[in-house]
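Chain nomenclature is as follows: A, B, C and D, assigned in order of appearance, with residue numbering initiated at 1 for each chain independently.
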Amino acid sequence: MHPEKLKHDFEPKIIAFVCTWCTYAGADLAGTSRMQYPANVRVLKFPCTGRIDPVFILKAFQQGADGVLVSGCHPGDCHYIAGNFHARRRFAAFRKLLEFVGVDLERLQFSWVSAAEGGKWVEVVTDLTEKVRNMGPMTEFKELALEEQWSGTIDTPELKEAYNAI
Amino acid sequence: MSRIGVFVCHCGENISRTVDVERVAAQVGKMPGVAFATDYKYMCSDPGQTLLKKTIQEQKLSHVVVAACSPRMHEKTFRKAVEAAGLNPYLCEMANIREHCSWVHEDKQEATAKAIEIVGMLVERVKKNRVLPTITVPVTKRSLVIGGGIAGIQAALDIADAGHHVVLVERDPSIGGHMAQLSETFPTLDCSQCIMTPKMVDVANHPNITLYSYSEIEQVDGYIGNFQVTIRRKARSVDEDKCTGCGVCMEKCPVKKIPNKFDCNLGMRPAIYVPFPQAVPNTPVIDRDNCIKFKTGKCGLCQKVCGPGAVDYEQEDRLVVEPVGAIVVATGFDLYTIDEKPKGSMIKGYGEFGHGKIPDVIDGMTFERLASASGPTGGKILRPSDGKEPKQIVFIQCIGSRAREKGISYCSKVCCMYTAKHTMLYHHKVHDGQAYVFFMDARTPGKAYDEFWRRSIEEEEAVYIRGMVSRLYQKGDKIVVMGSDIAVGVQVEIEADMVVLATAIQPRTGADSLAQKLGISYDKYNFYSEAHAKLRPVECATAGIYLVGACQGPKDIPDTVSQASAAAAKVMTLFAKDKLEREPIVARVKEAGCVGCFACKKVCAYGAVEEKEIRDRQGNLIKVVAYVNPGVCGGCGTCQATCPSKSVELDGYTDEQIVAMIEAL
Amino acid sequence: MTQTIDTTIYAAVSEAIQAEAKRILTAGEVTAVVGYAAARRKGSAQPIVITSAVDAQKLIFTPACVNNLAVYLTKAKKEIPKSGRIGIVVKGCDLKALVGLMGESQLKREQLYLIGVPCAGVLASTIQPDTGLTSDSIAPKCLECDAHLPQGCDFVPTQTPVSPELEKKYAAEIARLEALTPQERWAYWKEQFSKCIKCYACRQVCPFCFCEQCLCDRNKPQMVDTTPRPAGNTAWHIVRAMHLAGRCAGCAECERVCPMDIPLNLLNRKMAKELKELYDYEAGFQVNDKGPLNSYTEKDDQSFIK
Amino acid sequence: MGKTEGCKGLTKKYLPLVLTPKEFKFLFFSKVFVSSVLSVLSVANKGFRMQKYITEQNLNTLLDKLIAEGKRVVAPRMNAGTPLYEPLKNSGEIIIDQLPRRSGKEAFFPLCEDIMSYTKEGQKVELKDIDPSRFPETVLVGVRPCDAAAIPVLDAVFSWDYKDEFFLERRKKTTIVGLACTKADDACFCTAVGLSPSDTKGSDLFLTPLEGGGYACETFSDKGETLINSHAGLFSEPNNAKTVALAEPGTEAFDLQKVKAWLDEHFEDPAWDSIATRCVGCGACAFVCPACHCFDIVDEGTEKSGKRRKNWDACGFWKFTHHASGHNPRDQQPKRYRNRIMHKFKYYDDKFGQTLCTGCGRCIRLCPVGIDIAAIVEEISKK
């Protein structure tokens, strides 16, 4: 059958926020065309990129995502007239904010993938996965989640273990 | 705790080949809130759906996740099945483990692990799903048609014949539009007025049609099924109810030499006039700019001679409000005018073609009036400058159209055919004349179109020259036309008596402002945008508004009429129900948290957000909050992402559902 | 080198404010005036709402008059009766907030009587309110002030503030942080945010945090963890900065009131800078129907989108 | 304890005479009395068990030794430009000339702490408690009298009807080293609420800076003695050097009795509006207060696992009394601010006979809108 796949030391967790009309359909097309791409991506479906709140991206990183993808319809193709135009501005601003607080923007990808672009979906997902794999795990938010105010800290073995696990 | 049922589909081998479905079911069965998990060969099959329904009832399931193909494929199928089993259909979600998993990964271990996570995500999501009721909105079974050309007339007649009331609004004093101006029509050469005027009369006499001529749309409120349209009825200065259409006023009017727009300014009309004899309604209108009474306060002759006392100088514009359920937009087109560049025109000028300086360079519509039996020359082809019959006539196609460097890149679609028609009409009327046509390509798709075009060459002796005209200029009483024949590769110079330019079709001036009133989108040329170019060509993205004719893009009469009937059918489909049902994926405002900043309103592309006053029992205003009209909401959720306090929420895609999915990862 | 800022006009400005407040209250042009009054501690000032002309004499303007009083006119402050026209003492920076609030349907110009203050600057912190105003003690926002004389007010005292050109601290600090690596920036903010105690003083004084229920006070879902742990603190400050992007006009109240000295206005200024570069938008200069993040053009930059 | 039973709280313990209320009133208002009470207090402070001397250098050595022993040494230090009580990495970090921005209560009542964790699988939920015995041994050093005095006040509420093991266990494991205060500003008002810059209340070991360097050490508990005894070599006998000039807060003593009497009768009063209309409803005052002790309990985590956490809360917040029904009994800010005053000067007194304010002045310095609790109490006492 297929040759043995290369095993990696680190499998990044990639979360993709996509609109249902273009990118989700594009990913469906990649499926019906039996294209192959890394299994690291988890897709969350939205009606429109206009629905995607920046907080979701933050949440995704907090929940342990190593990379986040936001993808929707090309400009002018929005099923809802202008949702992606609003999203474009929102994320142009939000990524600047994340950058300023020290998030490496290489971990956050935006793309336009239409319902016809199964190939592009594969390319975007593969590129991001490989890029993030090379960067290693996103430790910043994970470390932060374990950190306590000094007064609430108890030096338990579990906590140390959790720390070392990152 | 929820009792979630998870059904993992093998899809034959499509899923099970790369995903260990049994393991998925076993793992998912351990997730918090899952009461039942199984796998099955074909979930979408009849027995599969039966299994689903049976299990819902036996296991008293509260929510369902079907892990199978893309929801774009079978979400409707399973939601229907779930509904049949007595659950709200929106308590069912699909986990896509085929297109997004089994088909795109080879490693079974990896694919299985991913499938478990995907299903886990949907399990968490479905827990937060709420029962969503079907949304119904009432339908006002009356329709508005904007524009009284052939497009509007056809749509209005079809809808009215189906038994629904139609309000037809026409900007000009008479309906008829461009088609009433034409002499004959291709490819059959029927007399345009002969086929058009009966329809106009039908409109006037139809019990289900209210005709507002000389009127314009002032304001449009509401949404599908429930529009409120305010119409400005411009002051006609003649009472339509009293006027008998005898025409005495027009005979007696002392001002007679006003160029008649209907005749492309070749003929003259009085200050009180109907644009053409067959006008509907046959009620004159006073052109207040040219009327002596309005200019100086004297005269008043028409009022004196009017038997029924219909002339009313005091008449003012009136606003009428009509409730309608659907709107058909059929505002038609303007021709790019060669003599005067309209303000804001995208066309960068055709000065080299005489540009209105040479009187015998005319446009196609002027030629139609010359050829028309009811036209200013009684159907004789005569030069506007000296009234002589032109013996050499040159037609130039694609003036304005298909010339990106000149401003617009689209093809006006009808010019090839009407130019062919013009050469024929010319040849029929000037037997010893010669017609030349400069053309880029002849575009003649359409039933009997190419045959028609060939006939103009083969039987009617038109000479077609492939190439564009580089320059033309007046020389004595001739017009020298210089161009190149690229087919042969020679320069051509023709001394013509008359030149006819096939100028571009453009949307009506003001099409954009009407679109803004209607809340519909338009392209960069101001042509109105259909919801989908192929599959929803007569609907707007804004529900309840339909497009007909050249306002949507250049079109000939047969296409326009078909589209009119299609739009009428759409309106009838809408009117076939007393209430409209729609998918309940709409935004809802949580009024307690709304602080009325209206950021939601600013980003709503549908104009679905309204301002709502919250008052206490004494009637004192507490605050103004947003209200999303569920009939208008498109369901994109941009408002929710924009709302700072998250006081507006898109049902089916709430923050709770999405955060639950993120936290499941 | 420490430079002294000339605030000698403030005494005359205070008198002018008193006279005008007295006049409009007496004439019934307004139902109340929101301004500053002296407080117990030496040199201190605090916000005050007066409804009677005899109280007009309480109004002052000093370098300790740091508050942006616009917050009292928002719906977040239900305690201030909003009936009738209200007079308010505003510095140029505060006026920008009012302008923003008008654009967001929170205030109407005709409901306000604006008493503008010619202002040379106020203190950075009022932990010691009797500090003299110098280039060291002045609020950093004042170093970048372009509105020493508020425009479009109903009344402005005639005095002209003297405002020497001073080093722009925010611009310099933003540039310094931008030059760091992401890891270094993360470390910087982590240290700052870890101090946060979630007292929400930044939110409560912000004129634009007028939501009746803050996103962070909602728990279905819990978008941002409420506990004052580093994780929840970081999320809160990111969300706050994002919500203010395109709206904040830089009154810097968030930063001034932070009991833990977190440089919050840096985030806001950074976002303002980015939105100016991206969409040529600056908050606070005119009443805009739509801000940069609830409007768009088809040609907006998308170089970051694949 | 009856309401009329003389002076409440702090002063009561040390009052050497039994006075009639009338006499009391007279005396309390005479400056003579105030100073005499203060002198009585300082005599009372002399209730030490052991007196020693330590040089600055030896104090630092002591701290480093304690750190080396694995104890958590918490003292004022700079964190990103802000002075805070925090664990020291070494004695060099300690700063003694600035009042930390947050009070010392944090060592016993953390800003945020876990109290339980949960995991879910299938239809099963598993809970796990926090073991307070794991709390580290702590020495809290350089605590200002206003911060130290608040801790015994908090003992009352945390060991009342419910014994809060999180507080009490930390209390048990912590030795408090107080430090006399040498600097005051016009926000300080410890003397107004019956304390002083040299008050040893709450301290196990109390340090007073001496002219010529070093500190006079006095112990007030076994813990204090243990600390000295276990490092006896670093301490020497008292050298009778003069105490450096201590701080002198300018605020006059409040008639707390009178304040309470007014509060007893004026739950509803228009004064609350004029006092607190300007309040913007943040939690800064409560969070920096050494005596405020309200907390919230929240669950944080996901559907699968998470923690139950306890964190500081403040009565100034709109959400503090917001009911699930949507009703809020303290619907406007003045009502919330009233609670702050009532709790400090009436309710806590009613319940525990103590005042819930030590006059540290933090809330005055840090209030975003300049609300001055000292000015308010002063105003009430004049009513």
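Here is the rule we use: a contact is a pair of C-beta atoms (placed from the backbone, for glycine too) under 8 Å apart; a residue touches a chain by one contact, two chains touch by 3 or more.
The structure presented is a predicted model; accordingly, all values stated were derived computationally and were not measured.
Chain pair with the larger contact count among A-D and C-D is C-D, by C-beta pairs in contact. Put simply, the C-alpha centre of chain A and that of chain D have 47 angstrom between them. Chain centres here are Cα averages; for chain C and chain D they lie 33 Å apart.
Centroid to centroid, with C-alpha atoms defining each point, chain A and chain C lie 35 Å apart. Look at where the CA atoms of chain A average out and do the same for chain B: the two points lie 39 Å apart. Those residues of chain B in touch with two or more other chains are numbered 592, 603, 642, 655, 659-660, 663.
Annotation for chain C: residues touching 2 or more other chains are 215, 222-223, 228-229, 293-295. Contact with two or more other chains is made by residues 54, 59, 63, 82, 86, 90, 148-149, 152 of chain A.
If you sketch which chains touch which, every chain touches every other chain without exception. Contact residues of chain B toward chain C in the complex are 592-599, 602-603, 623-624, 642, 644-647, 655-656, 659-660.
Within the complex formed with chain B, the residues of chain C that make contact are 75, 104-106, 210-215, 218, 220-223, 243, 289-291, 293-295.
Chain D makes touch with chain B in their complex at residues 120-123, 302-304, 326. Looking at the complex, you find that chain D touches chain A at residues 74, 86-87, 106-107, 109-114, 130, 134-136, 302. Interface residues of chain C facing chain D in the complex, by the touch rule stated above, are 39-42, 44-49, 67, 71-72, 76-80, 126-128, 191-192, 195, 197-201, 203-205, 217, 222, 225-229, 232, 253, 256-257, 259-261.
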